[in-house]
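Each of the two complexes below includes chain A, the first together with chain B, the second together with chain C.
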Partner chain A sequence: MSSALLSIRDLVVEFSTERGRVRAIDGVSFDLAPGETLGLVGESGCGKTVTALAVLGLIPSPPGRILSGSIRLEGRELTRLGEREYRHVRGKLISMIFQEPMTALNPVLTIATQMTDVLVRHQGMSRRRARDRAVEMLALVGIPSPEKRIDDYPHQMSGGMRQRVMIAMALSCNPKLLLADEPTTALDVTTQAQVLEEMVRLQERFGTAVILVTHDLGVVAETCRRAVVMYAGRVVEEAPVECLFEQPRHPYTEGLLASIPRIREEKLPELPTIPGSVPDLLHLPPGCRFADRCPRADELCRRREPKLELRCDIAVACHHPNRYAGCRE
Partner chain B sequence: MNRETAPLLRVEGLSKHFPVRGGFFRRVTGWLKAVDDVSFQIAHGQTFGLVGESGCGKSTLGRAILRLHEPTAGRVILDGTEITALPRRALTAARRRMQIIFQDPYASLSPRRTVLQTLLEPMEVHRIGTPRTRREKVLELLHIVGMGPEVLHRYPHEFSGGQRQRIGIARALTLDPRFIVADEAVSALDVSVQSQVLNLIARLQRELGISFLFISHDLAVVQHISHQVGVMYLGRLVEIAPAEDLYRDPLHPYTRALLSAIPVPDPKRRRKRIVLQGDVPSPLAPPSGCPFRTRCPEAMPLCAERAPRLTQRHDGRAPHRVACHLY
Partner chain C sequence: MNRSRERTSLWAKAWYKLRRDRIGMISLGVVLLYFVVALGVWLGLWGQGWSQVEGPMWAPPGPKYWLGTNIIGQDIFERALYSTRTAFDVGLVVAVLSTLLGGLMGGLAGYFSNRWADELILWLMGVLDAIPFYLFVAALAYALQGNPYAMHIAMIATFWTTTARLVRGEVIKLKQFEFVEAARAIGLPRRLILFRHILPNTFHILLVQATIVFVGAIKSEVILSFLGLGVTDGVSWGLMIAESTQEVQAGHFSNFVTASSFLFVLVMAFNLFADALQDALDPRKVSA
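On to the complex of A and B.
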């Protein structure tokens, strides 16, 4: 797709560890259209955060490095940018929100200072205009009496308020792409509902494309249009959310969906599970990485790793996927 | 009442208030009512799910029941023994019958002890059995939690989160407890592993007849595992009901908001959501009257004047109690 805002191809990120070199992500590819919301889902260690960090040019090096592959934003290759150019991209085109806003906000500076600094630096605004804009953004994310709260320090705010400040700050430069890594995981459910609602509303209003990195499929179902499911460093399935939740094609996606505890009318005697655990990335099996836990695995799966194959807007990496159920899209 | 129908655990008017110190002489300037006048019961072999958001006091309640925090007021009676009346020395013996499982097994397992040492320790401390019977017990426990003898000489860091939580559960079982507090025991685990551990806890509870206080912020997890559910807000229980009643017919406006806030993994079912305004008030300065009234969509003038008491709903069908002036 040439119309993609972001295009990732065969991305490999390697880390040197005491026990040897390990590929945290190994051949990840997907596209993101302008204004689209994409969920990047999977369990811990699947490579979803590393993928997000790679897009941001924030892979800690050493020990990490991008071994191969490409990341294009509006057609421009990001993997070859120098640190200074990348900083410019991060300020103007890409923003980010992390799980714990307290670690992303500077505890000794007021919200006003932190928000206006960004605007002065990347948008070339005057201090006064930047402050007005910051107050306006805080109001937009639903902070009560923003003209007063802007002079607070981060510790004077609750977790939900801090995350809203992060969203306001991230969107204040009008980025093309917002990377949100588990933005509501540290929040309580009632606060999570508020913050997600604000995020979606603003994203629609500004037309920002969002990559939402999360382990929570419920959050994906409610906020995203498409989802990429990762397992052990690889993309196993990519589909529009309606299709993914109605008829997951990869057995891992299917198992993951089944094992989410959800409120049910009738209680099940046993929760469905995926047996076993995620493979050690240092000792990967030769074939499919999910084979050891897969009810459908056969000799072929153990011998040859399946490739990600695209059919009708759904991509799946499996030798024995669920049949395509005729999703409308 | 005979032993079968009598509850295993009775909590009566339990409170835990922490002093707040400030000023030059570190004088007590106020009290944080982390748990305030909480009463409930857990039947033999049943699980009581305790839900609420961070800071609501659910963990403090769990610890106060075990006297890991000394309660400020109230009584805890386990299997006929008044735990809150025991002198310190007798408490150690009583602790054999009540155990706790924490959220992060990595923090609660000693990194320098092998699985065998970890599981032997409680029996050694309490001088139970001979070295041989202890070792047999360890193998039996590992089998119960789905692990084999090959793990005996390994250290915690060699295991995944789910396996470590299994070891934590095995350790809690070494002294054949009657009652276990599971504090966010599956919250740190990935979903595929979380469901394995949940099934394990449900099985233990069925097969060994252990009663659980299952503390979690996750309402879906609590529904799956609990017979009774209590909802906590700012140190108080605001609703208690059998699990099926609570989820089918939530009464308290807070319980309703909590239930409607859970993201549903089904893109076609976007429900009408009750989005609460604002944040949980500081427990240092709780609102007058009902603690929830500042965020409650149904608040009335009466709610600011008087705190509602936990009362049986009047149609009296199920033992469903709620602390709200609407009922």
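On to the complex of A and C.
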């Protein structure tokens, strides 16, 4: 997999807490091809955001640190970069958009200031040229009369507009990789669709690879080609999106899919859920981390942790996965 | 009108909001009036006869001496005017410098919280706060050998700690905000994150603190001058009140009432104006 843009191998991130050390992510590996969109899915607290922050080198330290593993961007090891070198990676090669467009923009600075700062710093543009470029980017993300709106303060814009501004800012230096941490969660459903569409359009135009961190499987189905499902700091399944939705192999993925609210033929008495909750990372079971909530768990599951095994594009970490019926690809 | 207002800057909006705040505008007018008085004294337009002994002792208010004369026959009105300059002198210098110092130190301590820079600044603030204020001023006055700015230096050295503590707390809070993480995520250096993204968000604290310190400095000056540790090369409301201790016993209140009223009206107006300004400037409220 030398053609991968981003390659994460056995990444372990540890946080020291008052009650002891916690591995927020424990041996995560996956690859991302240039221009690809990868969904990173899972419940809250399963390590999605930590993975994204680790890629940016923004794990708050202390208390967190990358214990082992490697993150390579175009073959360049990121985990060993110093803070100063990392700053030239952030924003220029890798960008991030955040969940809350309300708080992710500085309330006391104009959009112009915030956008030109990035361009001046990474592209070495003059203020004037950076401003022109920023206006151009705002037009690209569909902000009406951008040459006027660029002098607005964030509070003068709606949530959807702010998220567009964030996207414009993140893509303004033409990064190779965009990390989108729940970019649409805080938006209205209609705005969600527009913003997603905008993001996908720009991603195709610039050829940026995207890691879309989300718990919304609908968003994943809409935008991604491949998805990585995480549970309690581990990857449990990695598969092309069509396979994942048609035939989830890991019981956790199956549970996630079943619990999506949707319009059905008949109204269910109750929306199916996955019983129980994510295990306490301080007291992990010796076997499979999902065993306590799994309908198929047996003695083996409680004793030995399953390894992630790859078969024809689909990797799954389960002792009793759904039968493999072959993917259409 | 409506469209042009929509496109204007935050400052123009704040000004627009302030203009509609009646109490704010009245108090601004009062503060400006005081400022003009102080400016006039600086320029030598009035208040120059503060030290001349020209009238009889304790002359009653009248056309010649508007507010009467004091125990040695100096014009009380002239002295009160000159004292306005002294007050602005002390208030402005102390407010501006201690706010700058407090903002900088608080920002650094907050941004590097729980590291050595923070520990050092906290230790320094603890030490300065532990020294009784008047002892500190007295010690400095001796150390600086009659330097007229001993009082200013002492006030700046002690007043910045409150501002720094407030700013430190706010910066620690702001540091967790997503826009700071976003600023780091686009690769901005720490210097830019602290001075461009975090500290401007503490502006409302700095502003309010500056006005509190301004008023506090004027009040401290009065007390210090009363104790003989303050103004040495002029007159101030504090010195006037100190003089009046003998006069009040003799039944002459003009000196005391004049100095206290000048002080009270300025302090009151400044506080009200600060409130109005804070409401108007808060970027989170401006849009409303």
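Note that the second predicted complex is superposed on the first by the 329 of 329 C-alpha atoms of A that agree within 3 Å, B and C clash if a C-alpha of one lies under 4 Å from a C-alpha of the other, contacts with A are read in each partner's own complex, and residues count from 1 in each chain.
Criterion: a contact is a pair of C-beta atoms (placed from the backbone, for glycine too) under 8 Å apart; a residue touches a chain by one contact, two chains touch by 3 or more.
The shown structure was predicted, so the numbers you read here are calculated from the model rather than taken from an experiment.
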Which superposed partner A:160 touches (first chain B, second chain C, both, neither): first
First (chain B), second (chain C), both or neither touched by A:262: first
Which of chain B and chain C A:320 touches, first, second, both or neither: neither
Touched partner set for A:9, first chain B, second chain C, both or neither: neither
Partner chain(s) touched by A:106 [first = chain B, second = chain C, both, neither]: second
Partner chain(s) touched by A:129 [first = chain B, second = chain C, both, neither]: neither
First (chain B), second (chain C), both or neither touched by A:242: first
Which superposed partner A:219 touches (first chain B, second chain C, both, neither): first
More chain A residues in contact - chain B or chain C: B
Sites on chain B touched by chain A in the complex: 53-54, 160-163, 190-196, 198-199, 202, 217-221, 223-224, 243-244, 247-248, 257-268, 270, 273, 275-276, 278-280
Chain A to chain C touching residues, read off their complex: 56, 58, 86-92, 95-96, 98-100, 103-109, 113, 117-118, 121-122, 148, 151, 153, 155-156, 166, 169-170
In the complex, chain A residues that touch chain B: 43-44, 144, 158, 160-161, 188-194, 196-197, 215-222, 241-242, 245-246, 255-257, 259-265, 267-268, 270-275, 277-278
Residues of chain C defined as touching chain A within the complex: 7, 9-10, 177-179, 181-189, 192, 196-197, 200-201, 203, 283-284, 286-287
